Structures are given as structure tokens and as C-alpha cells.
Amino acid sequence: MAGIDTGDTAWMIVATALVMLMTPGLAFFYGGLVRRKNVLSVMMQCFMLLGVMSIQWVLFGYSLAFGPDQGGVIGDFSWAALAGVGQEPNADYAATIPHQLFMLFQMMFAVLTPALIVGAFAERMKFSAFLIFSVLWATVVYDPMAHWVWGVGGWLRELGALDFAGGTVVHINAGMAALAAALVIGKRKGHPDISPPHNLPFAILGAALLWFGWFGFNAGSALGANGLSVSAFLATQLGAAAAAVAWAVVEWIKGRRPTALGTISGAVAGLVAITPAAGFVTPLGALGIGALAGLVCYLSVVVVKGKLGYDDSLDAFGVHGVGGMLGALLTGLWATATVNPGGADGLFHGNAALLLWQFVALLVCAAYSFVLSYGLLKLVDRTLGLRVSEDKENIGLDLTQHSESAYTLVG
Amino acid sequence: MAGIDTGDTAWMIVATALVMLMTPGLAFFYGGLVRRKNVLSVMMQCFMLLGVMSIQWVLFGYSLAFGPDQGGVIGDFSWAALAGVGQEPNADYAATIPHQLFMLFQMMFAVLTPALIVGAFAERMKFSAFLIFSVLWATVVYDPMAHWVWGVGGWLRELGALDFAGGTVVHINAGMAALAAALVIGKRKGHPDISPPHNLPFAILGAALLWFGWFGFNAGSALGANGLSVSAFLATQLGAAAAAVAWAVVEWIKGRRPTALGTISGAVAGLVAITPAAGFVTPLGALGIGALAGLVCYLSVVVVKGKLGYDDSLDAFGVHGVGGMLGALLTGLWATATVNPGGADGLFHGNAALLLWQFVALLVCAAYSFVLSYGLLKLVDRTLGLRVSEDKENIGLDLTQHSESAYTLVG
Amino acid sequence: MAGIDTGDTAWMIVATALVMLMTPGLAFFYGGLVRRKNVLSVMMQCFMLLGVMSIQWVLFGYSLAFGPDQGGVIGDFSWAALAGVGQEPNADYAATIPHQLFMLFQMMFAVLTPALIVGAFAERMKFSAFLIFSVLWATVVYDPMAHWVWGVGGWLRELGALDFAGGTVVHINAGMAALAAALVIGKRKGHPDISPPHNLPFAILGAALLWFGWFGFNAGSALGANGLSVSAFLATQLGAAAAAVAWAVVEWIKGRRPTALGTISGAVAGLVAITPAAGFVTPLGALGIGALAGLVCYLSVVVVKGKLGYDDSLDAFGVHGVGGMLGALLTGLWATATVNPGGADGLFHGNAALLLWQFVALLVCAAYSFVLSYGLLKLVDRTLGLRVSEDKENIGLDLTQHSESAYTLVG
Amino acid sequence: MKYIIAIIQPDRLDEVMAALEEEDINLITVSDVMGRGRQKGVAEVYRSYVDRNRLLRKLKVEIAVNDEFLWPAVDAITRGARTGHIGDGKIFVFDLEECLRIRTGESGCGAIG
Amino acid sequence: MKYIIAIIQPDRLDEVMAALEEEDINLITVSDVMGRGRQKGVAEVYRSYVDRNRLLRKLKVEIAVNDEFLWPAVDAITRGARTGHIGDGKIFVFDLEECLRIRTGESGCGAIG
Amino acid sequence: MKYIIAIIQPDRLDEVMAALEEEDINLITVSDVMGRGRQKGVAEVYRSYVDRNRLLRKLKVEIAVNDEFLWPAVDAITRGARTGHIGDGKIFVFDLEECLRIRTGESGCGAIG
């Protein structure tokens, strides 16, 4: 087929599969951290999104996000049901791989992003409310924002803000929605005296799969197998490594022990923060971003959250929201066109303007996401009710929402 | 090397690794569903096949299945021990990748297929009987059928039936053998009052690895990194997604809750049903096949099985057999040459003949598999005995067949 | 970019990600085998190495190992902080992929190797001591040895010994360090009456991820997507398969049952032994190496270890040390230039000299590793203390070193 | 009032519960235990380590009954749990001084059922 | 001396412990059990198999007390565990003949606390 | 007949079982419990949440013995479980009214061993 490069295609098929694996990875990361009576509910929510969002994306989501531009704010419906999205490349997005492959790669992002929010309302949301909210949110919040940042003609894409692999659309976006969700749905019964993670090895498994999958996420965002994707891969590894170490070190310095949960939380924070920067920074820049991500997310989760007192059960805001915003800003500092001529120089390389654009993009997206998510959640709450009854929360969502227990106790 | 394309080779190496991962994936999918005392036995059976079948395949299995044709029904022994199967491509099978790579890709199918049958006789078969049966079955049932459908000169390949990635050879075949096994070996003690799955998160992990690996299975069956493999990837994702949602929705409609086990069972059913169709149908066709697969396999497992009363412990027949047959027939409806010029049009695209060929292929293969599997199982039963003693079944296969316990209880 | 092949690059990006996944794989393999109170400590050690070693490698490790040669024994610091290691290929190491990608691929080896040693001192080493030791060991033992064997100008590389994917640098090296560690730190309290593996399915999961990742390790060592990498992939699969079967069969013959732990231990032993040979042997050679690896490692772990009485908790020496040495020697027997013109013929193909060189390389590396590791461990022991107090060992490392419990018990 | 602790084979629970139901005894508490009795376990093997497996999985069933239900309960447990093989288990009977229903505060015989 | 066994809802443990502390009762032993009482469980569904879920997760709390602490302990447990819903659980009281502290060898009333 | 419940440190089980064997007491039942005693646990830390860890892992050992074996059993447990550190645990002794062997139907003293 004209223009298709088998090497680029090979890598992007794999990258797509890797990003797909992140959603089950997240299911285990989150699932290990909740109480035993809610583990299936969290995993089920992640898995269900793998189903529902894939369908939404094919039917109209992709068209809204990447279809022909309407005034810089949204795509139209001309690519609905993948009309015209075929095996030929679409040079506007990726000239050397089938258009469907680009669409698939983006599909996995669209699946993962709402799944990230689950961490905020885990252990207390009705399954039905979760489903409705997620589909609405994907359509009203995610798809437009994806268009702004990535769609041809999207206004943020034109603006000059940098976001290599989706720090804004994925992490800031999900993080702000998570904050809204934690506020709207309220604290879990017993908070903050909630029993500890019921299965930390599961959370470690989840973190490992996330790290592994993130290579697809970030290095895949180069949309080919080339120097840039390798550079993004390197930045990803270093961001995660530095942040994991940083979080553990801070715990140690603060007189506690370095914990496994801290280390994997740090790794995820680093992966989040490096996401917008991955294709624009040097290895040392990546180490810097990672180290700061570990430190700042530690503070946001351990120090600040405790003081503010909302119940973001699994720190979806504290890690993805805060880490995402930090990454967006630090991209404005450390970006350099020597790594990626398609990028721009940041403050440390003599260009203060970039930082400004990063800040603007961050602010607009964060505000948009927070306000709309808040509204949608209130809407669902008023109509369907967001939260299970206290009784059901006590018994656990696995039994009451899904008629299942994760483990047998006797026999 | 003449004719080798690095991009195609890169993708097919990875696809092979992905299909390899499906067998451990299956080990967790099945292992999570059995009782605590039998989890290792199921995982051990899967792992042992990874060893034994790889050796069988290299020594003579590949030659029987893909070697020079003998009257359309089987290959001869000229490729035994991989004689002549080297680093050069074999243009008959795949012109742009090393012949050994094609052989390896097929090896992983040959490992996985007998592992699927494990689900039918789980929790009660002797390990020795399992081993003997599996090797015999691979040689007498799998290898010939692989030759018919995929081997150069194989009679079904000539017939014109479509099977993109192995719906017949892998799923219908394993499914019918599973039915035979459930009938020959009989019900588990206590059936149907068997305790629930001992570790559903393991089953979810297994389903996730299966889904992930299935991209290698289906998109790899294009044997290169090209538009067709991307199209198959897309169909795979949509088949799984639609079926997962469909199963959960049916549960909901029937007045129960949507369950995690239902959702992942649906996903697997969708993956099974899309397998023969993956390279021949449009995205909407894939959604249709997936949705029907979720519905039909739900009925077969939840409604029909209960009535017929055989004990297919983990629904190897109900999901792989029924899903495989459904997929073969639906391929005859939804296939279209616009997606794949090497394919054919189905009934919905004006060609009723295809459906007929699909039906014939299905019938012959299902019958062949059922009859021979039944015979082999009876043979092993008469000689070695298939089933452990009641006492051993009570204690559990982990302890009695493998002298191990999966988990420590105290300390 | 001049000279970059997208297919080779695609495969090597994926291979790098696969090798990265081996460290979490090892975390589960080891984690499942320890007692419940120590599972996090083992996983934490593996994860922490993923952080710390990545940083060490980028800052100076890669330069020491692969940088401009100093007298055949070590690289200098000119590539420190990746100076000059960019997106262009470095033809000395890999002409068709970005230099950074080669560096990343090697990084994952540098992460994994110290993690292998963890198996020897599991359940009793202080976390701080572990950290210091690992960083010192990587710098003083691993980096130089990597230079000898792989670095341009390295003396062992010049000598003519064969080591396809790191049998010497990774496995013999880690194995000897493990032996030193088991001797220096002493037995666990209660040894040999230690409770059994607390979660064998985790160990099986780990083994599956190791096997999967090993395709990246071995087939990736061809540094491209070509016939050689496929041949290495095939040898890897067969080595693992034959060894898994061999171990189980030996157990069976010795009057015990074939165990799941034995089967996966065999698989790992086979993967270790095939590592140096993967790119140099025929499929039948790989089967031979695998079968011998299963047998010999079984003897070393089950028979010899019991007699010698040191406490190599998880058999890091018994599997990686012994398996690595065996593989090095067997490469000297089975290697053939027909598989890889860049290799050499072994004894079975008429060239006795190779066996000699293999033996020399093995001896030098094993001795160097053992002596220096022993010295480093004694050093850390004298200064910081290697071992936790008896009280802490009783309570478990999870609580005392990391203030965490892996699982909740009630609720 | 009496309190019965029965140690049974893990796979006999369904039979025991069924037998108890026949006697109209429905309230029980069950937990996982490991027991060493006369039954010799299968040796467990983990690489070099052979565990003679002195402890086997059992279930512990606890039932509080009014005095007149004691023997029916004991008989029902025996009926349900007996296979005739070593390892079938034991039944221990204690005197129960007091019993309260948390929900209502009721106490004594009325609170048991 | 008395020995109390209380079966409570899994999520009431914190409340029970807090209530006990108010009475200066700090030493307890807790374990996971499954119980069948009057409470009807949610049916569990696994594909074709519906488990009427006769056994529900509960916690078992065990406390040895000197006689004068018996009623305060029972009251505290009741206070902490009561929700008024079916399934709140039961309290069983036994006579405790002897109690020893392993560390010191002390026995009797002095060893309880 | 007496019934002994001992709460011990999880890692002392082997020693306790060995000590019991010396007294010819071989039949026991063991289970996992969490205990709060005088021992202060290590605080557990999970991100922002610090669990003061009021409950520590312990093992519960249950032994039914004939009267003459009571003190040998208690002594053996003490010997095996004592480390001299806080947290060593407690031994509780109950009167056992009746004991039955399910397999044979035997009851009383003969059924204990």
C-alpha cells in the first residue's frame, strides 16, 4: 500500500497493544489498593470501559476528536462509524501507517483516560451511574479536548503548547475529573480510617504493567520506529526511575521507611509527568522531571491531601492531576528543539514564551475538565444517584453491584 | 537475506511472543476459576503443554501439519526435526519472513489449542492421563486438521471456506474435544454445587493477557505489518469489546447484576468468534459478530448447559466450541472482499455460497474432532484411567498430582 | 536518519520493553516463593533496582561498560550522562538502530542482573545494605565485565569466546555473586525448615513473564529483525521447553510427583543455559542444552545444595550460576557457524578450541565475580551490617524494612 | 446451652450443613483451620525442601445450641462429615454460659436461634 | 474469668474496638469467619452457577476478661456492633478456667490484662 | 477433659509443635488470627494513611487433652512459644464437656487422642 512503512506499522501495532494493556494494568494497580470487598468492582469498571469506550470511539468518538474540524473546537460526524477511515494512511496524522492504526492507537487512550478517574470514586459509586457518567464524560469532555490538542485545526494544537503524548488530554483531564468526583461523591464511610490495601502485590503487578505499557503510550506517540520514539522511550524510563527513587527517598528522609507502595506510586507519578515532555527533553531533563514528580506528588498525596480532607480514594487527582500539571509546566522549562526539531525550546533553553503557552493550555484544560466533570456528576447524581446506599457500601460493591466475591474464604 | 522484510519480521516475532503469552494467560483464566485445591494442577497442565507441545511440533508436528502434502489430508515427515526449515522465507506460507518464524508462530497455536481443552476436564483428570491424551490428540487430531485448513494442498484450504486465524483448527477443534472430554470423564463430585471461583482477579488477569495476546493471534495471522493486520487488529478489539458488553447487558436484563466473570467470559467469547472473521469483516461486522457471540455464548453456558447437565467445568465447549462455530457461520454472513481481496464475499454481500462452505468446513471439523477425541479419551481411560480416585479428587489435584499447595494458610 | 532501519528499530524497541518486563517478572517469581511476611521486600528490591540502575547506567554505567576502551578492561567516562549517545546509530554496536536504543537495551540487562542476586539473600538482608551493595556491585563487577565481553576492545570479546546474549555477564556473574552472598550473610533462621512458598501462582506468573521477556533478551541480542533473531527465538523456546519437561520428568523418575515449581524452575534453568548459545545452535542443539540444563540444575538445587548446606534462599546460584556455566560450556560443544556465520564451530562440529575459550572465559568471570562480590559484601557487612536483627527477621522484612503488609488478613 | 466446635474435612461442609438443616439447625459459623491428627498428609515437595505436611486443611464449624438440640446437632454433624477414613475429624462440646443477640439485646435460650 | 466470643459484621470492628477501649479493655483476638444466621446474603452468580450464599463474611472477636469486666465488655461490643439490621451477630460467653501469660508464666486473673 | 486455646507468635509454631511432641501430644488445630495485646506493632504506612497497627498477626493453637495432659501441654506450649519479649501470647484453658471422633463415633477420653 502506498506510503506504508512496515517497520513503523510493526511498532505502532505493538504500541497499540501495549497501551491496551495499561487498562488491565490500572485495574490491578487500583484493585490491589482497595479493600477485599471492592476489588472486583474496580476491575470490572476498568474492563467495562475497555468494552464500552472501544465502541463509543468507533461509532462517533474518533470522529468528534479527529474528524474534520468545526471551528477549532470539535470534529464533525463525517468519520462516524469509521466512514473513510481505512487501511490507507492519513497523512495529516501519520503518513506511514494505516489510518485505522492511528485510530486504534488513539482508541486505547480514550479507553484508559476515563479508567484513571475510577481511582477517585472507588468503593462507593453505583455501577450504573459509573457507566452513564463515563460515556457522557468521554463524549463531552474527552473527545473535544482531544480535538483541541491533537485534531487537525484544534485550537490548542495551533497555539504552540507542547504535549507529546497526552499529559493534558489524558492526565490533567482525568485528574481534574477525579477531583470533581471526589468532591461530588463525598468521603467513604470511615474515612480516613480505611483498612489498608488488601493486596499490594496486585498493585505492584499493575504498576509493572503500566510501566511496560507506557512505552507504547509515549514512544508510540512518535507514530513510527525512529530516533524520536527511542528518545521518548528513554525519557519515559528515566522519568519513571527518577520518580520512583525520589518518592522512596523522601519517605526515608521524613523518618519513615521507604515503602513498596511509595515506590510504585512514584513510578506512576514519574510516568505521568514525563508524558507531555517525553519527546522534547534530554535524558538529564527527564531525570529532573522524574525527580520533581516524585517529590511533588508525594507532597500532594501525603501532605496536602491530608490537610484538605477530600477523599480521592486512590489518589487519581494527587498523582494524575498534579503530576500531569507539573509535567506540562516542566516541559515548558526543559524542552529543547535539539531533541526534536518539531518541538520548541523551553525556558532553560532561552525561550520563556513556551512556559506561558504551557500554562495557558494547562489552565484552560484543567478548568474545562473540572467544571464539566462537576456538572456531569451532579447531573447523574440528581437523576440516577451516584452513590450506593450506606448498607451496600458496608457489604461491599463486589457483592452488591456484581453479585460476586473476589476470593473464597473457606474450602 | 533475500526477500526478508524487517518490518514484517519485527511484527511477526512480537506476534509470536504474544501468542506464547496466551497459554500462561489461559492458565490464570482457568486457574482463578477452579477451587483453591486445584489451581496448580490447571496451571501446571498449561505450562507443561508449553514444554511438550513445543518439542512435539519441532520434532514432527510441524511437518505433519505444514510439510509436503499427502493427498490433501496430511503432511509427510520430510520437515521432521525442522529439516529444511531455515532462516530463508518459504514463499508458500510467508514470503517476507524467515520460514522458522512462520513455524514458530504456528507452534504457539499448537501449544495453546490443547491447553484450551483443559477447561473441560479440570479438577479431576490424572496428570499422566492428561499428558498422554494431549500428545496423542495433538498428533492425531490437531496436526491433520491444521494441514487441511492451512497446509499447502490441504483439502479444506482448497475448498474455499474462510478461516482467518484459526477458528476451526483452534477453537471448534478444542471445543469439540472439550465436549467429548466432559462426557467421557463425567461430572465432578458435588456438581453442580461446586464452590465458586477461588480467585476471580486471577481470572481477570488471565482474560487481560488473553486479550493482549490475541492481537498477536489475529493480527499476526496477516503474516506481516500491513493494512490487513491492522484491520484484523481492529476487528479483534471490537469483537471482544462488543461481546464483553453484550454478556454483561444480558445478565443485567435477565434481572441479575452484570458480573466481572460474565464480562471477561464475554470478552473471550468475542475473541473466539472473531478469530475466523478477523481479516474479512468491516468494523461494523466485527461489532455484530461480537455482540452475537456474547449473547449466544451466554445462552449456551448459562441456559443450555444447565439443562443438558454435563460438567464442562470451565466452559471450554460453551465458549470455544460454540463461539468458534458461531464465528465460522457469521464469517459466511459478514465477510467482504473489500476488506481483504484475498477473502470472499459473504451472504450479506450477495454470496450465499460462502455460508455453505463455512457450514461444511465446520461440520466436518467438528465431527472429526469430536469422534476422534472421544475415541482417544476412551482409549486412555481403558488403559491408564482418566480420572483420579474420589479420595484424591476430594483432597485436590495440587496435593495428589503435584505434591504442592498453591498458598500457605498459616504463618 | 541515515542508516536507521525501521523494522530493526521496531523490533529492538519492543525487545527492550520485553527485557524491562523481566525485572517485575522476577519480582513475582521470587516474591511468590518467599514467606508471606517477606514478599514485598523482595518485590521492592526488584522495583528499586529498576529505578536506581537505570539512573546509574545513564550517568556512568553505560560509559564504563561500552565507552571508549581503556586497555581492554573498562570504558572511560567520555559517554557519562550519555554525552554523544544520540539518535544516530553507532555502527560499532548496532548499525541500523539509534545508539540510544542499543544503550536502552543494555540498560535493561544492567537492571536485571543485580536483581537476580536477590534470590540468594532474600528474607534477611537490610534494605539499606542491599541498596549500597547493589550500586557498588553494578559499578565494580557488572560494568567492567560487560566491557570485557561486549565492549569494543574488551579483552574477552577479542579472545574468541562466544556468549550470544549474556550468559557470562548476566547469569554466571549474578550466580557467583549469589553464592558469595549466601555464604557471607548466612542461613535464614530455621533453615532448612522454612515454610513453603506462600503463593505459587505468583511464581508461575513470574516465570511466564520471564519466559515472555526472554524472547526480547535473546532474540533481541541479534540487534535486528532478521533470520538470526528468529533462530535465537527458536532456540530460546526450545531450551525452555526441554528444560521444563526434563526437570518434571526427573522429579517423576525419582519417585516424586512432577511439580509446578519444578516445571517453572526447569523453564528458567533452560532459559539461562540457552542464553549464551541462542544465536549459535541448531534447534536440536537447543533441545539438548535445555534437557541437560533441566537435569543439571535439578541436581544442583535438589541434591547438591542439600548436601553443602548453604542457604541460597531461592536458588539464584543453583539456577543462574550453574545454568549459566553449563550453557557456556555447552555452547562450546553445540555451536555451529552454519546457524550464524559470525559465530564459530564447537566441539561437535570439529573445533575443540572453542570449548577451551569458553572454559577460560567462564573461569575468569566466575572467579572475578565471586571474589569481588565476596569482598563487597564483607565490606558492607563490616560497615553498615548486612543482616537485619533476629527479631526483625522473625517479624518479617515487609513490616520492619518497609512498614507494610502485603495482604490484609481480616475484613 | 451448649457450644459445639467440629473439625471436619474441607469438602464435607455441604453435607454437614444439609444434615443440620434436617434437624432445623441453621445458624453456624465456619472458618479455615489447619489440623494435625492421625491422618498422614501427602508430603509436599518444593525443590530441595520436603514438607512432611504435618498440618492439613480442615474446616472448623461452630454451633451454639439449646440443650435439647445438642445430640441432634452432634448426630447431624457426624452423619454429614463421616466418610470412614482417617481424618474425618472431631466434635468438641462446651458448656455455654450466656448468649446474646446483638441486634435486639435478647439473651439466653431465645437468642440462640 | 470469662471468655467472650462475638460474631460481628466485618465493618464494625473499628467501632467495637473503640467501644471496648472506653471500658479499658484492650486485649483482643480477631479472625475471619463465615457465618450463616438469619441474614439472607446476596446471591452470588458465577456464569451458570448461582450460589445462594448461605455463608456471609463475619469477624470473630475473642476476649478473655475478669468477671467484673464481663458486662462492660458485652455492652461495649453490643454498642459497637449494633446497627439494628439482621446480621448484627451474636455474643457467646464461656467460663474460662485458667489463663496464662506465656512471657512471664503468670497465671489467673493477673494474666488476663 | 480440657480444651486449650493458645495465642502465639506466628514464627513459634514449629517450636511449639516440637515441644508438644516431646509430651506425646500430637493432635492440634491451628489458625491465623490477628491480635491486640501489650505488644506495640510497627506502624504501617500507606501513602497518606498511617495505620498504628493495633492488630498483629498471631497464630491460634487449639488442643483438646485429657486432664492429666493439661499441664504437660501448657508447659510445652510455654516452652516452645516463649522468647521473653512482649507479644509472646497467652494460654486459655476451658473445661471440655464432651469429645467425639467422627469416624468411629467414639466419645469421651478415648476420643481425644
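Here the chain labels run A, B, C, D, E and F in written order, and each chain numbers its own residues starting at 1.
Just so it is clear, a contact is a pair of C-beta atoms (placed from the backbone, for glycine too) under 8 Å apart; a residue touches a chain by one contact, two chains touch by 3 or more.
Predicted model, so just to flag it, every value in this text is computed and none were measured.
The chains that touch chain B as well as chain E are A, C, D, F. Minimum number of contact steps separating chain C from chain D: 1.
Overlaying chain D on chain F by C-alpha atoms takes a rotation of 120 degrees, rounded in steps of 5. Centre-to-centre separation of chain B and chain D, using mean CA positions: 43 Å. Centres computed as Cα averages put chain A at a distance of 33 Å from chain C.
For the pair chain B and chain F, the distance between mean C-alpha positions equals 50 Å. Across the assembly, chain D contributes residues 10-11, 30-32, 34, 44-46, 55, 85, 94-95 that each touch 2 or more other chains.
Contacts with at least two other chains are made by residues 5-8, 10-11, 14, 195-197, 199, 205, 225, 256-257, 259, 261, 403-405, 409-411 of chain C. Contact topology of the protein chains: fully connected, every pair of chains touching.
Residues 409-411 of chain B are the ones touching chain F in the complex.
Across the complex, chain B meets chain A through its residues 5-8, 10-11, 14, 18, 35-36, 195-201, 204-205, 207-208, 211-212, 215-216, 219, 224-231, 233-234, 237-238, 240-242, 244-245, 248, 256-261, 263-264, 266-267, 283-284, 287. On chain A, the positions that touch chain B within their shared complex are 1, 4-11, 13-14, 16-17, 20-21, 24, 27-28, 31, 39-40, 43-44, 47-48, 50-52, 54-55, 58, 81-82, 86-88, 97-98, 100-101, 103-104, 107, 127, 199, 202, 205, 225, 401-408, 411. Per the touch definition, chain F reaches chain B in the complex via residues 10-11, 13, 30-32, 59. Listed in rising order, the residues of chain F touching chain C in the complex are 9-11, 14, 32, 34, 41-46, 55, 57, 85.
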